[in-house]
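Each chain gets a letter, A, B, C and D, in the order it is written, and its residues are counted from 1.
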Amino acid sequence: MNDFSHRATWAYGSAMAALILFMYLPMITMALASFSRSKYFSFPVPKYSDKWYLEVFQSLSIRDFFWTSTVVAIAVACLSTVLAFFGALAFARYDWKGRRLFQKIILLPILFPQAVLGLALLLWFTALGITPSWQATVFAHLVWIAPIATLVIAIQVYSFDPAVEEAAYDLGASRWQVMREITLPLLAPGIFSGFTFAFLLSWANFPLSMLSSGADSTIPEWVSAKLQSGYTPQVPAVGTLTILAAAVVMAFGYQISAFMKRRQVKAG
Amino acid sequence: MTAATGDTASASSAPPPILQLRGVDKLFGEFPAVDRISLDIREGEFFTIVGPSGSGKTTMVRMLVGMDKPTNGDILLRGERINDVPANKRPTCMVFQSLALFPHRSVGQNIEFPLKIRGVKAASRKERALELMAQLRLPESYYGKGVSQCSGGERQRVALARALAFDPEILFFDEPLSALDYKLRKILEKELKDIHRETGKTFVYITHSLEEAMVMSDRIGVMNKGRFVQIGTPNEIYGNPSTRFVSEFMGEVNILEVGPGPDGTVIDQATGASYHAPPIADSFAGGSLVIRPEDIRFLDDTASPAANKLEGVVYNEYLLGSRVQYQVRVGDAQVFLVEKLREQQLASARGGRVTIAWDAKDSTIFPTARFAS
Amino acid sequence: MTRRNLLQSFSQSRRAFLRDTVSISAGIAAASMMPRGAWAAREKEMNIYCWEGYNSDKVLDPFRKEFDCTVKAQGLISDPEAVNQLRAGDTKVWDIINLNNAWGRRQLYPENLIKPLDKAKFEPLWEMMIPEFKWPYKWSTSDDGNELLGMIQRYGPSGMLVNTEKVSAATLEDEGYDLMLSDAFKGKYAVLMYDDWVIMHVVIAAGFSPFRELTDDEIGKYETVMRKLINNAAFLSDDMNAIALGMINGSIEGSFPGSVYSVSAARYDGNPNLRCIIPNKGPEEMGGKAGVCWMELTSLVNNPQLSPRAEDFLEYCFRPETAKNVSFAEGTYNPVGQMGDPKVMALYNTEELDAFQYDTLSADMAKCADFDIIPSYTKLHEIFSAAVREKA
Amino acid sequence: MTDASVRISHVAAGHSRVSRAEPWQVRLGTALSKPGFLAALPVGILLLAGFVGPLALVFLFAFMPPQTFSVLQAPTLANFRTIFSDSYYLSFLASLQLAASTVAILLVICYPLAIAMVRVFTRKAGILALVLAAPLFVADNLRLMGWMLFLVKGGVVSGTMQTYLGIPVDSMLYTFSATLFGLVYINLPMMLFPMILGVSMVPAQMREAAFDLGASRWQVMKEVDIPLAMPGIMIGALITFILAAGAITEAKVLGGTAVVMIAQDIQKEFTFAQNWPKGSALSMLMIVLAGSLALAMFKRVDLDAIFGRKG
């Protein structure tokens, strides 16, 4: 399987474990804080309580924010998947004159500091007279997320033999039939992970939502406002629930895409 | 449609052409990948296009199936111009080099694909698929199997079955066997020829291996730099290569650069030795003398008479299955390849002194193209 | 600082087209998922832009249920920014705006961004107010006193925060801002980065009133004080929870500036040793007052399609139990003007009153000048930013 | 059957090649109807309307008089003059220094981890990647708050030390290093994932060949591993550098504004200072910096090779 000695494997293994711990330490702290009865965290936690979770579940505001976030994330995921599907074909599948340039341009929004992009979009929306709303947020998210989804799908497109499309076409299928019968099913795992990524990134985004959403606040906006003034352990409670939900979504997504890949082990 | 060109007299005995190319070329920028080709392919024949990579054969077949359009010229199918008919509307189909099997579909679904596109009912689709699988010696149990689980040869057969399910008037093959190992390739070459007989369809096959072409084809067209350099039956090509390119392309040959000598002989420009060669024109100024390795003999008795006789040392010996090849060094500069059947293997090979010989009729002269005119 | 639509040459139709393109493309995908009709009549929805507190569940959830109405609320972090958003056209979005007292009278009303209230309907509610805010309260009316611009509720004194176990309240009150700015206090306090409030208190600490134009000489003094404040701070943060946490765990002893709201939750949570202190002596031109009193004014936005629920909400906030809930919102606890009403007062217990230092509240308020607009803000803010950037 | 030669005669006479010089309109038309172009169109339009447009507006605003809100005024260099005469270079330097340190630290941390992902845990790489990516879906400020509570005095670290070991530990927050720590944490996946793509571009055979030819482990790393993984490493470094240089939250939450980063200056101009032109001018400088870095990097990287793994 690999050319590493036991000792090296062990070393790499502990480095990996340390990394995972490092990534999750703040999440663990967050969970602790969310069960702390006191608003002001101290460790060891003097008194545990689940009241913040109860408050979260009872809160109509959080329910609204949750819906807004979800609606925005679904809209962003759907739209960016469609855009990214074609974008990925242009990125990786077709040979055309502007391809190299296109590949670079599409990377730029990903590389761009989001705080600055958010402010630029604020100017832009104001200039066009677009009222801040969840629709504007969807648009703002798309600018950043559609390119990411494009990359995710493009990676799948690279492993795809264009001759398969030609063969179907040659066997009498129309362009539309080729798309439906061959291209879409073959790219499905990539499209699916693009969708999942887009959904989750949109869900977690704050810098682009902040200035564009108007009255339609999302969960990260609520979190940020609460952190700045009016902190309660509801905030880490929501954070903990978010990571759990993300874990469920990702595990589910992983199962689905693994299933899809199993059905079509690449015919090389 | 415009009438075909005037070579009808010689073709009268042959079946009518099904596919005709009239001055077809394909330019990529200024570069002609296919250069003004005219060609007739006859109904029911197994026609093979052979050429090295970059010779334009793939570009050509892509135009023939409709994936690309020619820059100039016409492609006629039974006399109808089909330049602008897209691939999915043409009654032809192709087996791809990569086979292009649909990885997300089972063997059965792959074979049924063209029927499904045509709206054939599921039951009769399956019936036809199983029929084809039987014909191609694919076990019935493979029907539901994923194509990725099939071996190379099996996948080859699935691709062929899928193409046959389409029931094309012409079946194109773009080097479909190139990825297979030698032995399997040999088996499939013969199978393909059998299927050609059974179905009676027109096959157009592309390969870079003249050897493969020889086994299967009724006729072979050798391509180089976007043009056909020779078209003919395997025998014609083998026995009478029209240019040095063709003979070189057939495999390893001995080539000597020669100039005109006295009494119809030619003179080796490297060593100054003179050889007997087939008759040459008076205008012959120089060219290549080509001798196949299997046409060179070892003389047991150095005194035996022979048109061309040389002394040399066996430098190395290569076993090629049923045959043996020897590298014989003559003098300092010259190396000859000699090929013998296994039973004629030399007793003491490496380092042994030998006399090699060949007859004038077994060699071919290709005059160098002159620069002017 | 007026801000209009930037590309004024843009035709209305094209702008509408662009807007529609965005909303349609986004809408198609999401329309089916909308929890409630996005384009429903405005009887059933209301949008609030406010300081933290009004957007809490305690306040909004009962209102949602009673009026069967969607309420969207967003907390704000800066008065001037909120004002500018309204100027940029967000009056179409919001129904209620809640800002510190001076903004309504000085800017929102003159610029036609808020709607005056029905006096006959709302003036009687003033009966509930504590003596300091009895009718006619200056900041709730227009300059000429004719129009009622909004309703007031939460208020508080702003000065410094301190851990009284480390520094006695009396000492800090006597020595004032100078004590926190002395070298002995270096590294022992945090700066709460609500920019305009930092600037205000530094001007006062420098000995002037922030509510008039400052001379260059005065600005020079301000800069000296500001740089010292920033350089000596343990850290700068706009997270008042982090500052309170620092005071609880002992890594800092005080905060500059600080108001009751930034310490009340910690007091209620078992840390009565944290306190907001207003110095006893301030600049003479401020009548010797050293603190600033803020008072939130809740107004109706001049929204072309104002939700009829907005007025209901203003009334709703004056119900005793709502007033208590606003006062005891999730994150911060503040006194409210309605505590002048015994029905409201009866809802508080001792711990709750102690959370916002009710014992000294009147005395502290007496040491505070009313919050107002800072005329030299631009210049002062530049100095402040530079000081932060150049923090040693 | 010697008719072959007749057939292959190139029908030369009377059939001359049609001229290929098509008018430019036609050529443009064909270029625009290429499927690649058509497929690129939707995202292209999105980026035009949502990226190029806004940035162009920022550019325009950067030349408007300070404290104004319209782009229809006479352009001026006033904003840039103010910026250059003021101490903004400090924020730029701080941001660049932090970004460079972040990249340096992450290069060292992520390289062995990328190797582990690609070569050691080959089979579990998918799940590992998922586990490492999951935190990305919790907003940055929340995760940083988690660290704040972890490191603050009385938090997890100091609480543990104090309660169980009796060692008093002060707050580890509100310094340059705390900011750097936050940047390293937040940007780690941005470095790790491109690096994994890069490392997986190194063919195992090439490494084996190098070992076989007598190279030491170190030499193999220097001569084979790193040069071949370079495109991925460079993309990772680029993303990390630009994102770190444009960060705000880390410096605020963990750094206690001990360092002012340039994005914070920009944000302040847009919010508390209400000075859009100056904010835009600062943004322009940021954009120029990020843009030129990106362009320089793009020149040396083949994206097909990275994402298609066609090393």
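Basically, a residue touches a chain if its C-beta (ideal position, glycine included) is under 8 Å from a C-beta of that chain, and two chains touch if they have at least 3 such contacts.
Each chain and its UniProt protein: A = Spermidine/putrescine ABC transporter permease; B = Fe3+/spermidine/putrescine ABC transporter ATP-binding protein; D = ABC transmembrane type-1 domain-containing protein.
Owing to the predicted nature of the structure, the values given are computational and were not obtained by experimental measurement.
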Inset, instruction - Please give the pair of chains with the highest number of C-beta contact pairs. - result: A-D
Inset, instruction - Name the chain whose C-alpha centroid is most distant from the C-alpha centroid of chain A. - result: B
Legend entry - Geometric centre distance via CA averages, chain D-chain A, whole Å: 17
Inset, instruction - List the centre-to-centre spacing of chain A and chain B in whole Å, with centres computed as mean CA coordinates. - result: 53
Legend entry - Where chain B and chain C are represented by their mean Cα positions, the distance between them in whole Å: 87
Inset, instruction - Note the residues in chain A that touch 2 or more other chains, in rising order. - result: 41-42, 123, 127, 139, 227
Inset, instruction - Please list all residues of chain C that touch 2 or more other chains. - result: 3, 6-7, 77, 88, 238-239, 245, 248-249
Inset, instruction - Write out the stretch or stretches of chain D touching chain C in their complex. - result: 57, 67, 69-72, 86-88, 90-91, 148, 152-154, 170-171, 173-174, 252-253, 255-258, 260, 265, 268, 271-275
Legend entry - Interface residues, chain B side, partner chain A - complex: 65-67, 86-89, 93-94, 96-104, 113-114, 117-118, 146-148, 155, 162-163, 166
Legend entry - Complex interface listing, chain D residues touching chain A: 31, 34-44, 46-47, 50-51, 53-55, 57-58, 61, 71, 112-113, 115-117, 119-123, 126-128, 130-147, 149-150, 152, 154-156, 158-160, 163, 185, 188, 204, 208, 238-239, 242-243, 245-248, 263, 266-267, 270, 276, 279-280, 283, 286-287, 290-291, 294, 298, 303-304, 307-310
Inset, instruction - Show which residues of chain A lie in contact with chain D when the two form their complex. - result: 1-4, 8-9, 12-13, 15-16, 19-20, 22-30, 32-33, 41-44, 82-84, 86-87, 89-100, 102-117, 119-124, 127, 139-140, 142-143, 146-147, 150-151, 154-155, 158-159, 200-201, 203-206, 219-220, 223-224, 227, 235-236, 239, 242-243, 246-247, 250-251, 254, 258
Inset, instruction - Mind listing the chain A positions that touch chain C in their complex? - result: 38-42, 55, 58-62, 64, 67, 70-72, 74-75, 78-79, 123, 126-136, 138-139, 214-217, 221, 225-232, 234
